[in-house]
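What follows is a pair of complexes built around chain A, which joins chain B in one and chain C in the other.
Coming up: the complex of A and B.
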């Protein structure tokens, strides 16, 4: 296992970089879209809530591998040529948007209604209330589930190897078929995934400890 | 528009895929549920000896993609004399992977029961075994049903990965139909609907169980 790591570390690191770039872009894009979708899910209007709920149901209720294949094969059908890596980022983004929206929706529901009423009384607009009062608290409240979601996306990014994106998993497959040492190679890859995810969990735990102050309390 | 006739013609492949996904998920989840219980029980019975190894196991399940685990079992296994068929590798992979998550769910359930209850039970002469059956498990069950349902749903969805190690499951057979008919939307959407139905069933089952336990 260590031999594989030592002999092939340049390609493995390159694969790991692609894994990180793809996952983190999807997480970042999903964060923005997820917040918007969460507002949609908590909207006053049924006409807004309903399509948002349907979107959430589909992306949360079907396997991500199936979603990836659907996006990858469907886009060329409707005349959109797209590189595998972009299809991968697109799918992971659309998927994580639904999961992050659900996390934020639950976070929003934990903000005491009195705060929102008070903001309205004080003449603060609905948008300003969201931006200045609700969301800063929601981000703090939802940090643990958000970390889990980042780790899930990092793990799920392994299956974009199926559409020939040369990330960590794909690179490992190539090394395994060249060296005839699948056990050692996949163990090495497992170690790299584990290391990244443990570091992420640590960073999140650190942030959580730092941000305990200033939270909404009932 | 959607071509339903195409799906009717491919029903053999779809049903075969559904059957394979169903039995592999079922067995895999059973392995995960029971192995998870064993891990949690070991940790509870002798924390000094088992806490660390079980915690490591849980971290590995959380930090390593299921796909890597499946590849280790299916492609890496033979080099240490462990030759599994693709479907059995799927069952074992899902089982080992899920066990880490269930161990943590069970542990959370056990930990949530106040120590005072057990001390009180001991004081009034209830045996530890009786306390486990009558006091701990009934209260714990109510708490662990919702997260366990969630985890089962995740495992059903992740089971699609076994198609990558060549199991003829729903996802693999959908791709086969796509390649045969050059129609992308119908097979994938039909299969997505079947997954969604399976997940809905698990969710409803979990919800019903939760209600039954709450009424007691």
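Coming up: the complex of A and C.
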């Protein structure tokens, strides 16, 4: 296993970099879109809630592998040429947006309505109330499930090898078939995935510790 | 349905009222919680609203602040209709922004304080100063400290709400509302969630406010406080105003049987 790591580390690292670029881009984009979708899901207008719910249900209710293939084959059909890596980022983003939105929605529903009323009575606009009163608390409340989702996306990014993106999983397959040492190769890949996710978990734990002030109660 | 009600300007009363309501009604589903309420509040007047739980007194206050949209009638803050507007003869809800504008003179204090737990006491007070009035952090902090001083909590400025007592939380909440320089303050059972020994410190702050000429509407169970501080007491039952008048008459010579009964129950509980 260490032999594989030593002999093939340039390719493995390149694969790992692609994995990180794709997953972290999707996570970051999904964070922004997820927050917006969560606002949509909690809107007081049914006309906004309904399409947002439909989106959430589709991306949460179908396998990610199928979503990848759909995006990859559908876009050229409607005349959009897109590199595999971009199709991969797009799909993972659309997928994690749904999951992150659901995490944020549940967080938002835990903020007591009275806190929002207090903000509105102080003249703070609905938008500023979301930005300054609701979301800072929601990020604290949802950090554990959010960390989970980030790790899930990182692991699910291994599926993008099916649309020929040479990320860590695909690189490992290539090395395995070349060296005839599949077990050692995949163990090496597992070690790399694990290392990245442990670092992410540590960052999350650090953030959780560092947070000051209380949380919504009642 | 909130439509087709009078949109005419409020009839001028003796003094120009800060808050005025005409015939407001409110239903929660089938249940009518407010029935045809008229209300008027003159500058510097302190009105206490009393009544059994479920009598609609909190709902009345929330309707006057448009935290609950009223169904019928009209509420005017400083002569401006709150929450609705006339659009080609039809009554429609105004934008949230317009609601904010009209009720800007109103400050509100809640039974459960509703401080923002991720902000310190001082930040709770300065948040709106910075976001709404556009003050710099430094200017807002100066104003905020003055407000905390006023409620006797300058030494708790850097504390988060979780480390404050109930009475302290409520005083921070009062400072938070006062920071926006309201012309009228609404209190929704401000001491009902407090341990008995912490009620006094909150009532003291409110007494001081009243003495300084603040216009106040207070929904409360504190009869002693109402008797001492109120200019007028309103007794509500089953969504209606049963009786109202100066506390001396209302508490000593209650006319309605319902109020007599209410006061007797209260005395039995508090004097034994």
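Note that the second predicted complex is superposed on the first by the 216 of 218 C-alpha atoms of A that agree within 3 Å, B and C clash if a C-alpha of one lies under 4 Å from a C-alpha of the other, contacts with A are read in each partner's own complex, and residues count from 1 in each chain.
Going forward, contacts are C-beta pairs under 8 Å (C-beta built on N, C-alpha and C of every residue); 3 or more make two chains touch, one makes a residue touch a chain.
Source: prediction; values computed, not measured.
Q: Please tell me which partner, chain B or chain C, touches more residues of chain A.
A: B
Q: Based on the superposed arrangement, let me know which partner A:202 touches: chain B (first), chain C (second), both, or neither?
A: neither
Q: Once chain A of both complexes is superposed, is A:73 in touch with chain B (first), chain C (second), both, or neither?
A: Only chain B is touched by A:73; chain C is not.
Q: So in the superposed three-chain picture, is A:133 touching just chain B, just chain C, both, or none of them (first/second/both/neither)?
A: A:133 sits against chain C, while chain B stays out of touch.
Q: May I ask you to decide whether A:156 touches chain B, chain C, both, or neither, giving the answer as first, second, both or neither?
A: First partner only.
Q: Could you look at A:182 and tell me whether it touches chain B, chain C, both or neither (first, second, both, neither)?
A: A:182 sits against chain B, while chain C stays out of touch.
Q: Contacts for A:120 in the overlay, against chain B (first) and chain C (second): which applies, first, second, both or neither?
A: second
Q: Contact-wise, after the overlay, does A:112 reach chain B, chain C, both or neither (first, second, both, neither)?
A: So A:112 only meets chain C here.
Q: Once bound in the complex, which stretches of chain B touch chain A?
A: Per the touch definition, chain B meets chain A at residues 59-60, 62-69, 71-72, 75-77, 79-80, 157-161, 163-164, 171, 174-175, 178, 184-185, 188-189, 191-192, 195-196, 199-200.
Q: Which residues of chain C touch chain A in the complex?
A: These residues of chain C touch chain A: 65, 67, 96-97, 100, 103-104, 106-108, 110, 112, 114-120, 127-128, 131-132, 160-162, 173, 176-177, 179-180.
Q: Which stretch or stretches of chain A touch chain C in the complex?
A: 112, 114-115, 117-126, 128, 132-133, 136-137, 140, 212-218
Q: Per the contact definition, I'd like the list of chain A residues that touch chain B in the complex.
A: Contacts found on chain A: 57-58, 61-67, 69-70, 73-74, 77, 151, 155-156, 158-159, 161-162, 169, 172-173, 176, 181-187, 189-190, 193-194, 196-198.
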